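Before anything else, here's the structure in question.
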Amino acid sequence: MSGNTLGTLFTVTTFGESHGPAIGCVIDGCPPGLALTQADIQLELDRRKPGTSRHVTQRKEDDIVEILSGVFDGVTTGAPLGLLIRNTDQRSKDYGNLSETFRPGHADYTYWHKYGVRDYRGGGRSSARLTAPLVAAGAVAKKWLHEQLKIKIQAYMAALGEIQIPFIDWAHVSENPFFAPNVEIVPQLEAYMDQLRKEGDSIGARISIVASGVPVGLGEPVFDKLDAAIAHAMMGINAVKGVEIGAGFASIAQRGSQHGDELTPTGFLSNHAGGILGGISSGQNITVSIAIKPTASIRTPRRSIDKTGTPTMVETFGRHDPCVGIRATPIAEALLALVLIDHVLRHRAQCGDVQVATPRISA
Amino acid sequence: MSGNTLGTLFTVTTFGESHGPAIGCVIDGCPPGLALTQADIQLELDRRKPGTSRHVTQRKEDDIVEILSGVFDGVTTGAPLGLLIRNTDQRSKDYGNLSETFRPGHADYTYWHKYGVRDYRGGGRSSARLTAPLVAAGAVAKKWLHEQLKIKIQAYMAALGEIQIPFIDWAHVSENPFFAPNVEIVPQLEAYMDQLRKEGDSIGARISIVASGVPVGLGEPVFDKLDAAIAHAMMGINAVKGVEIGAGFASIAQRGSQHGDELTPTGFLSNHAGGILGGISSGQNITVSIAIKPTASIRTPRRSIDKTGTPTMVETFGRHDPCVGIRATPIAEALLALVLIDHVLRHRAQCGDVQVATPRISA
Amino acid sequence: MSGNTLGTLFTVTTFGESHGPAIGCVIDGCPPGLALTQADIQLELDRRKPGTSRHVTQRKEDDIVEILSGVFDGVTTGAPLGLLIRNTDQRSKDYGNLSETFRPGHADYTYWHKYGVRDYRGGGRSSARLTAPLVAAGAVAKKWLHEQLKIKIQAYMAALGEIQIPFIDWAHVSENPFFAPNVEIVPQLEAYMDQLRKEGDSIGARISIVASGVPVGLGEPVFDKLDAAIAHAMMGINAVKGVEIGAGFASIAQRGSQHGDELTPTGFLSNHAGGILGGISSGQNITVSIAIKPTASIRTPRRSIDKTGTPTMVETFGRHDPCVGIRATPIAEALLALVLIDHVLRHRAQCGDVQVATPRISA
Amino acid sequence: MSGNTLGTLFTVTTFGESHGPAIGCVIDGCPPGLALTQADIQLELDRRKPGTSRHVTQRKEDDIVEILSGVFDGVTTGAPLGLLIRNTDQRSKDYGNLSETFRPGHADYTYWHKYGVRDYRGGGRSSARLTAPLVAAGAVAKKWLHEQLKIKIQAYMAALGEIQIPFIDWAHVSENPFFAPNVEIVPQLEAYMDQLRKEGDSIGARISIVASGVPVGLGEPVFDKLDAAIAHAMMGINAVKGVEIGAGFASIAQRGSQHGDELTPTGFLSNHAGGILGGISSGQNITVSIAIKPTASIRTPRRSIDKTGTPTMVETFGRHDPCVGIRATPIAEALLALVLIDHVLRHRAQCGDVQVATPRISA
């Protein structure tokens, strides 16, 4: 299996480095007949774009996507979709002083040891920039899932560092650069971020993702369970250190009489399971939470070594996110969409139909 | 991809149901030349065996494994290893009353909707019994990793419900049925379990797993990162609802100046990363924690429905674990071993060598 | 990918060596709801069994298959099917003198160099005995394809050495041990075989396979085309040195005006394509031919070397097939069935439906 | 698995249609450290380019490849290589009259039935133009195989229609547009082609491919044998109807005493096996032959139907190859290179080393 391909039937193969000529992906296995335009994809990319607020990286990339193949007369043909995004604002000189050293908390050290060569500019292949093609692919998946099965995928910031963000309304999420479901708390978040920027430090975040309208039956036990696939995709996002489903880590201290979601003819009475039972979707909302660590690229000088093993201090300059979690929302949505569409196709293959929206509860 | 196969190069394909004739697996891609006997595998299986203490399921299975292929003159040949474990103590009548209803928190509901048929005896394919072949396969992986690369994999119970278990010593782990690294707290754990059994309820647990001696360079970005693969494998364990690496969910509230592990010529100064940077092993200990939910099979009557959608009450009888987390330790070790050996082979394929034990920190 | 797994969605993972305790396979991805009994599988295995005529190997194996999992209440559940066949008649002493030498034309030399160890008894993993689990898996595939889609798969011997076998009737195929579609020519074939046995030599054969009732639309261009998948499966059969589809090698000297099959409203006017166009099934019969080389295990002494590189003569004793092609018919059928069912599921995944039997030729 | 990806560890995912904006591929799993420039790849593409002689398609494409990622400081980094080729000379109007009809012998009919939509311009995804990215990827594989292991891959035209081409010298192959290893016969071939063009018809061809310097041990039995993988790749080339290895179909009539290649301390005495025994390379030259059918795009009017099922006559205009086999040589070389590099990596993964060039024949 190629490490740069996600999925089994609806696959996404990405390529590109932070400072190379272009980044992009190839989507294979997309069902034919899906109406698709460049605008459909650009919409999602624009949610993720850098330079849109003072709280995210100041690198100016338009991130204009071009569809190179797989669409004819406005619909997908079933052939692979090649998506391309040219890099336009790579300031190589911002990274020049880091070619010989390893930034603590970054992949510099491990990439050098694994491959023996390292594209040190902007993190090379390990850069968060590479989430752009993912979001593009996720846009295609989202559209198909919504049109075919009425599945809706939405995410939001549940915590910024130690600040818990109470959920008020989904409508608020698109009304602030934090993707917080709560516009009232935004001034507090902004003040916090400004302070961090002054200090040259960074902080983590918690993002929550919800998929509604999910059919019952998605997931391929015992190893490709839906929750396992979701964990795999989410943990693979740069900077993610934890994934939980439903009650997650709170399950540890719950009783079975409390955790197990009871059933009635009209549905489940609770959702500690997070929409997944035995690795298969139950028809309830799928609820996922991820923990994002603080960025390693900070202005505080930190101890490290260079390639010869000599101690040195490392300090990063240039354009960085004080909180990469701020842009994780559209990325997490994209990944959940990609996992779900893959599992819809897998279920369709073996079992021939998908139980749409309303779980069938009669014989 | 087949949902019942784990891994890419060192693959494990399992088969079997709780109450069928046998369970087992086929391991493919095992390097040749590994000395292997039935006893090597039986050792690990015995750690997992039911009926060994009053705190686990009372089903009496010897779980004797038979090697059907892949070994000649005491060493692996490179051919697939077929491992078989006969089921001997399936009490079908214990489950008879559940064929028409869905136990809350169990996979009954989802399996029935997905496949249209359901082996209701003992959870069928969704039973925790199916972790036995996994542990058998993990034994093979553990042996190779240890002999070839000095990698050591150990796990323990870090919490039983709300009881936090302070780590005293690895030696304690094998001295009590909880796999607790602390024999002093065992009486408290036992009292808690006895109380739960009286109440007919269940509780969750937290298991921590550590791999030491890991080479630098394991992991296949951007999608098959080592932490993503670990999350995938762990979340796939029955009853797991959360996975975290290193600082995990605590990373959310950490500053970058605090979370990023600094480097010196003699090594890293901390390990918030959990041994993985940019999805690749750094040579530090890999530290993982998983959250296990409370068993759904409890004696407390719970509301549910039957196949016709009629409300009913469900109560399970027969033999059950009040805390499936108690037996998760050897299972989690096995899975980490399987993920690591798969990644050693993948790294070897593309990059030709593995950085053993000591990270190379000079040019 | 594991080299001992065939298929993508309907997968077969085999294990076992010629002289080990058992051989078998795990089928994963089988659609649920297929009525399946041990007898359904045994029927196909009996067609392949050794010791049924004086023209095939005299090893006496009953080849009784046991279903270990995946079936409940007489139907498949969607869980993996474990199939087991115990070896009962392994005469190890027949092979003892070959442990240090390499039989010309056999895999001895290559296996030893690749793996460093070699199970020399009966060819170990390279033995033709390993086709038994394949035939068992093929029985499952055949049944589903026939019941769901009316697909029929039949093969026959088209040539024994230089003797061309004119096709008279499908009904003849099961009436002679050669699987020849022509009982009249059988005495000539038998005389030829007796002569070969006297001489201690062997000969090759040509097997033709036909699948009828195939839906239009099977195949996954550009790399997993249906003909590519068929070629992969057939060339993988022990002793196969060539595969052709439709007009095959005769296409070289054909004009486009002659080779291209014209279309009318009632169907195609010819079938040089062999039922596959652009890598996708057209609804016409799929016609495949394979070339099987003469067995390397012969009684004629042949020059070779031993492990130290010293020249030696090699002569095999014990039980052998003078023409392995004689038993290839059920094996080739099984493989075509496995390829077809895999592609039905793959098509179903991406395109949601399969065009059954009659090609749709109106808008 | 995605149908547009070839390989397991060294993977190539292609995208693009004949008349879309661009075609290209993503190579994943390429070992790091390989010196690679755009010129290295362009060299191979130029061998394949259309419009280079009057015997091939007159479409003028420069086929300039651009490396979008995966190379830094002149060497591969281990990250995916994105390769892009812009389409510049798509004459859509040449195909306009074919949007409603199916050309006999082409994939039009099957693509329409499978996907429900069809890009009819130039064959869309089924066009032979899509072999360009394959040749580009093959260039990378060839370079690595040659530099690392001294493996050399060369192909030639062995027959043009019924004209057998005697092999004189490898040096002749690059001296004529037919890739014939025999410049003396070229005038005869040219006359034949001119005649065909006048008649508006087409013919098939036989291409032979040889890999020398192959290590012993490549191949993953029992399903991913090296010959099976080769057959899969070759049969997948547009217009291929047959694949044979070594003695191929001639094996049918050979005796075992004649076919089996005897061994001496200095090597094998013959090579009927074609360099592969038991599915694993033996160190001898790998010899493959493929049968290419005559192009379906001819000027002779042929009977067909349109989408409504109405009979019609089809005649193609525009630019076509009277013999697609003429350009198959570099394509077949590229595919053999891709199969071999994939198997080198697979062998390296499981067995840790590759037996280079000279087979080890002592203990």
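Worth a mention:
Note that the chains are named A, B, C and D in the order they appear, and that numbering of residues resets to 1 at the start of each chain.
Rule of thumb we're sticking to: a contact is a pair of C-beta atoms (placed from the backbone, for glycine too) under 8 Å apart; a residue touches a chain by one contact, two chains touch by 3 or more.
Molecules present, by chain and UniProt name: A, B, C, D = Chorismate synthase.
For clarity, every value in this text was computed on a predicted model and none was experimentally measured.
In summary, the chains found to touch both chain C (Chorismate synthase) and chain D (Chorismate synthase) are A, B. Distance from the centre of chain D (Chorismate synthase) peaks at B, each centre being the average of the chain's Cα atoms.
In this assembly, the C-alpha centroid of chain A (Chorismate synthase) lies 45 Å from the C-alpha centroid of chain C (Chorismate synthase).
Chain A (Chorismate synthase) and chain D (Chorismate synthase) have centres, each the mean of its CA atoms, that are 38 Å apart.
Within chain C (Chorismate synthase), residues 1, 3-5, 8-9, 14, 29, 32, 78, 114-116, 125, 346, 351 each touch two or more of the remaining chains.
Contact residues on chain B (Chorismate synthase) toward chain A (Chorismate synthase) in their complex (touch as defined above): 1, 3-6, 8, 14, 102-111, 113-116, 125-126, 130, 159, 161-162, 201-206, 216-217, 219-225, 227-236, 238, 240-265, 269, 272-274, 276-283, 291-298, 300, 302-305, 307-311, 346-347, 351, 355, 359-363. Chain contact summary for the complex, chain D (Chorismate synthase) toward chain B (Chorismate synthase): residues 1, 9, 29-32, 78, 345-346, 348-352.
Chain contact summary for the complex, chain D (Chorismate synthase) toward chain A (Chorismate synthase): residues 1-5, 7-9, 11, 13-17, 20-24, 26, 28-29, 32-33, 66-70, 72-73, 75-82, 84, 114-119, 124-125.
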